[in-house]
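In structure tokens below, several structures.
Next come two complexes built around chain A: one with chain B, the other with chain C.
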Partner chain A sequence: MLIKINFSKIFATVFAGLVFLSMISILGDILVSAFEHLSLSFLLEDVESAGRKGGVFPVIVSTLLILMVCMLVVLPLGILTSIHLCKYHEKKSSLHFLIRKLIEVLSGVPSIVFGLFGNSFFSVILDMGFSILSGGLTLALMALPLFIYTFERGLSSVPQKDYLVGKSLGLSSWRIYKEIILPQATPSLIVASVLSIGRALAETAALIFTSGYVDRMPESLFDSGRALSVHIYDLAMNVPGGDRNAYNSAFVLMFLILSINAFFHLLHKFYLRKSKAVEEIS
Partner chain B sequence: MSLVFEVKKLDLFYQKKCVFCKLDFKLYSNKITGIIGPSGCGKSSFLSVLNRLSDLNPDITRNGHVLFQGKDIFSSDCELKELRKKVALIFQEPSPLPLSIYDNIALALKEHGFSDIDSRVKKALSDVGLWDELEGDIGRSALKLSGGQKQRLCIARSIALEPEVLLLDEPCSSLDPISTEIIESLLLKLKERFSILIVTHNLAQAKRLCDRVAMFWYNSDWQAGEKLIEGNADEVFAETKNQIVNDFLAGVRG
Partner chain C sequence: MKILILSLLFCSQVYAVEKLVLTGSSTIAPVLSDIAKSFEKKNSNFRIDVQTGGSSRGVNDARKKLNDIGMVSRKLKDSEKDLSVYTIAKDGIALITHSENSISSLTETQVKQIYRGRIKNWKEVGGQDAAIVVVNKAEGRSTLELFLKFFKLKNSEINASVVIGDNEQGIKAVARNPNAIAYVSIGTAEFNQSVGTPIRLLDFKGVKASVKNVENGSYPISRELNLVTKDKPNSTAKLFIDYVLSKDASSIIREHYFVPVLKK
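Moving on, here comes the complex of A and B:
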């Protein structure tokens, strides 16, 4: 028994160390390779010579626009679906069972399949072409299952009693959710958003077919735009001599993800402090 | 003494099992009516039918009629929001919402379109004796109150809406004797303004508070709850004919 515990401890430590090392080596590789060449102008200049020269400003703008479209769809749709699934949690009707299963299946579909679907549905059938809009919508489809899964967990942990009390006072469901349930589920809303944004920013395959890889500044949401992840892929695989700027772009993407995470982390902390204050002011 | 609730031949089913059968019941205005009886004979379920909170549980079905001020609450033209405003339910566990004391009361007032919310909040809190106790500090979280204070806040939250009926489901069962005494004297004061229906396990409490008493019992032939006896409190407590009632009141059964 004693030996067993020691073994498991050693295994756990070794594997945790491996995971840590691999993360450090990825981050380190990007940092070291990018650091000597990176300058502020890289962030602010246009792409030149297919990315070998110049900066990534239009790419950053496209990335943020795609992300914006994605989250504008994910947030309302995700929140409402989660509420629907959670409120009728106990009913176990076949419709809810079906929705739940579909979400599970969707979260396992490879992104290239989403890309093909987005291309044929948004780009061709709905005639959006290669555009930021169709890219963002495709990403929204990809991020929704993750968002719903995470947020519904959080909603379900809010005491059912609060809903009942609200109803017993004659409150409308809208008011109960707005004033009582959603404020309590805010931490899980933040977590769900962070995960969805992370998934959207990391995506390459689905975007190549939908938002395309035009690297100039997009003029509207119907314009094609190149996301950072696509830019990195293109530089590394298709552009001879693009390695250096691929690293630089990877650094920018990493920095973007980390700062978005940090922002939400602070938001979460701020929210916790605020809700604690409500509980503890005396 | 006017009739507020008239229940006619009410059956209640949980899934397919009968909770209670063929229940007749009358609630009169400005009286405290107590429901006593052992667990599992449907007392709490009965309360939740009276403001149709039981509708929220899809496993519950019902037959029969409940007339509130002469109108059937199950008919399609019954306004649920209005019914729940007029028939307030106070739960067994003190259940303030995770908001400030002020917002606990103000939220429902806003929903029902009351004006001068601040003064109504103050009045409701004064009615239950919380205003002086808290010295007007009503911005703090309701979750930080003591058990008895929470329960009084829940009562204040309900009476702020100017209901007709207060339904209380064992409101003191999780409270200490001092808090219980405060709530009891509060209820005696409130019966001048409201009709009160209280479920209690505590026979001594029923004797102290109630003008009328109904006793529920588990009928083992029906495998369901039933109402054994209903009447003025002194008559019920002096009952000698029914052996089950006698034994229960004497503490021999229960």
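Moving on, here comes the complex of A and C:
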């Protein structure tokens, strides 16, 4: 018995170590290559010579705009759909079942399929062309299943009695959600947002055909704008001599993702402290 | 926040500018977006949006009028003669191996046999005793089409160990594997060699694979880089195409290791 436990412990440690090592080696590779060449001007200059010279400022702006469009769609749609799906509405309709199955299927669809759909639907049929808008909307479609899946779990973990107590006091559903359920599910809302943002920022295939390839500073949401991931892909795979700036851009993207994660982590901590304080008072 | 979004949405209506959309070959896209930038600097009321997607997409989009100009990195097929064509540059395809490989040239038949999987070991063509790793391009790439056409091969005949998409990927695959062989754009290969990537460009039919030999036409495996439009190009498109064929643009084309074709 004792030996068995030790074995499993060793196995667990070894594999955890492997995962840790692979992550460190990716981060380390990017960090080492980027620190040799990276300078502040890289963040603030325009793209030149197909990305081999100059910086990535317009690309960063495009990336953030695409992300903004994406989250403006994902948050309201995602929150409302999760509320609709969660366990408080016990009536199991076939619509429920259908939505749930569709979300499961959609979360497994390869991103290039979303890209082609986004291109033919948003860019061609809705005539948005290659634009930040159609890129952001395509990403929203991709991120929604993940968001709903995560947030619905969080909502469902709030004790059902809270909902019933609210009902028994004659509160409207709106009040119950706003005052009781949603505040308790905030941690999962934060997690769902972080995961969605991560998925959106890492996306390349869906964006090449929707938000496009143009590395000029976008003037409106109807302009094409190159995302950082597309820029990295193009530099590494398509532009001779683009390797160095591909690493630099990868570093910028990594930094962006880590700082967004850190921001949400702090938000989470702040929220936990606040809710503890409220509990102590009551 | 709302005001910001609204103002962004309205911006495009306020500043009406002449806009051109180009789609197509990923080989041409980086060089044309560079040329587009220099064109925009000289003509501030133009916006040239260069997108990618591959040569076939460039042709299809031009036909469906989804773009103003299509980019096609091969000679147009007979079935595509409905489009107006402008050849802007040339590019050769080089066979590359790792620099540690002692082979310096292969005959046409040897290349064919290697890609068909009949010759499986470098020893059979006078090299070291090691299995040949054949790198092929993915379907839809114009380098693949040119390669197949030149060597009169069918893609289904090719016995590839690795299938890649872009030129840079091909170079990386060969640089990492001393027993690999691939075919990529000469310009890209020459640049990578000049910065020390361990690859060798094989001579073909006694001609050295170099940008210079593509320029003077002596190197046989070469392709055209074309722009296509559905009908006669409109005045904006014409203006841009003329600029791409001008002396100003040819220096940018050279920077990208292609051979410019000047307007006669």
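Criterion: the second predicted complex is superposed on the first by the 273 of 282 C-alpha atoms of A that agree within 3 Å, B and C clash if a C-alpha of one lies under 4 Å from a C-alpha of the other, contacts with A are read in each partner's own complex, and residues count from 1 in each chain.
One rule holds for everything that comes next: a contact is a pair of C-beta atoms (placed from the backbone, for glycine too) under 8 Å apart; a residue touches a chain by one contact, two chains touch by 3 or more.
These numbers come from a predicted model, not from an experiment.
Chemist: Based on the shared chain A superposition, would you classify chain B and chain C as clashing or fitting together?
Modeler: The answer is fit.
Chemist: With the two complexes superposed on chain A, say which partner A:Val113 touches: chain B (first), chain C (second), both, or neither.
Modeler: After superposition on chain A, A:Val113 lies in contact with neither partner.
Chemist: Can A:Ile180 be said to touch chain B (first), chain C (second), both, or neither?
Modeler: In the superposition, A:Ile180 contacts chain B only.
Chemist: When both complexes are superposed, which of chain B and chain C contacts more residues belonging to chain A?
Modeler: Chain A has more residues touched by C than by the other partner.
Chemist: Does the superposition put A:Leu171 against chain B (first), chain C (second), both, or neither?
Modeler: first
Chemist: When the two structures are overlaid on chain A, which partner does A:Leu18 contact: first (chain B), second (chain C), both, or neither?
Modeler: So A:Leu18 meets neither chain B nor chain C here.
Chemist: After lining up the shared chain so the two structures overlap, which partner does A:Leu27 touch, if you call chain B first and chain C second: first, second, both or neither?
Modeler: neither
Chemist: Quick test of understanding: once the structures are aligned on A, what is the angle at the Cα centre of chain A formed with chain B and chain C, as a multiple of 10 degrees?
Modeler: Value: 160 degrees, nearest 10.
Chemist: Nearest approach of chain B to chain C by C-alpha atoms in the superposition, in Å, rounded to an integer.
Modeler: Nearest C-alpha pair, chain B versus chain C: 29 Å apart.
Chemist: Quick one: which bits of chain A touch chain B in the complex? Just the residue numbers, please.
Modeler: Contacts found on chain A: 90-91, 161-162, 164-172, 175, 179-180, 183-184, 278-282.
Chemist: Can you tell me which positions in chain A touch chain C when the two form their complex?
Modeler: For chain A paired with chain C, touching residues are 48-51, 65, 72, 124, 129-130, 208-209, 212-216, 219-224, 234, 236-242.
Chemist: Give the list of chain B residues in touch with chain A in this complex.
Modeler: Those in contact with chain A are residues 51, 53, 56, 58, 80-85, 88-89, 91, 93, 95, 97-100, 103, 107-108, 111-112, 137, 139-141, 143-144, 157-158, 161.
Chemist: In the complex of these two chains, what residues of chain C are touching chain A?
Modeler: Interface residues on chain C, with respect to chain A: 5, 8-12, 15, 21, 26-27, 29-31, 33-34, 37, 40, 47, 49-53, 66, 165-169, 187-188, 191-192, 195, 255-257.
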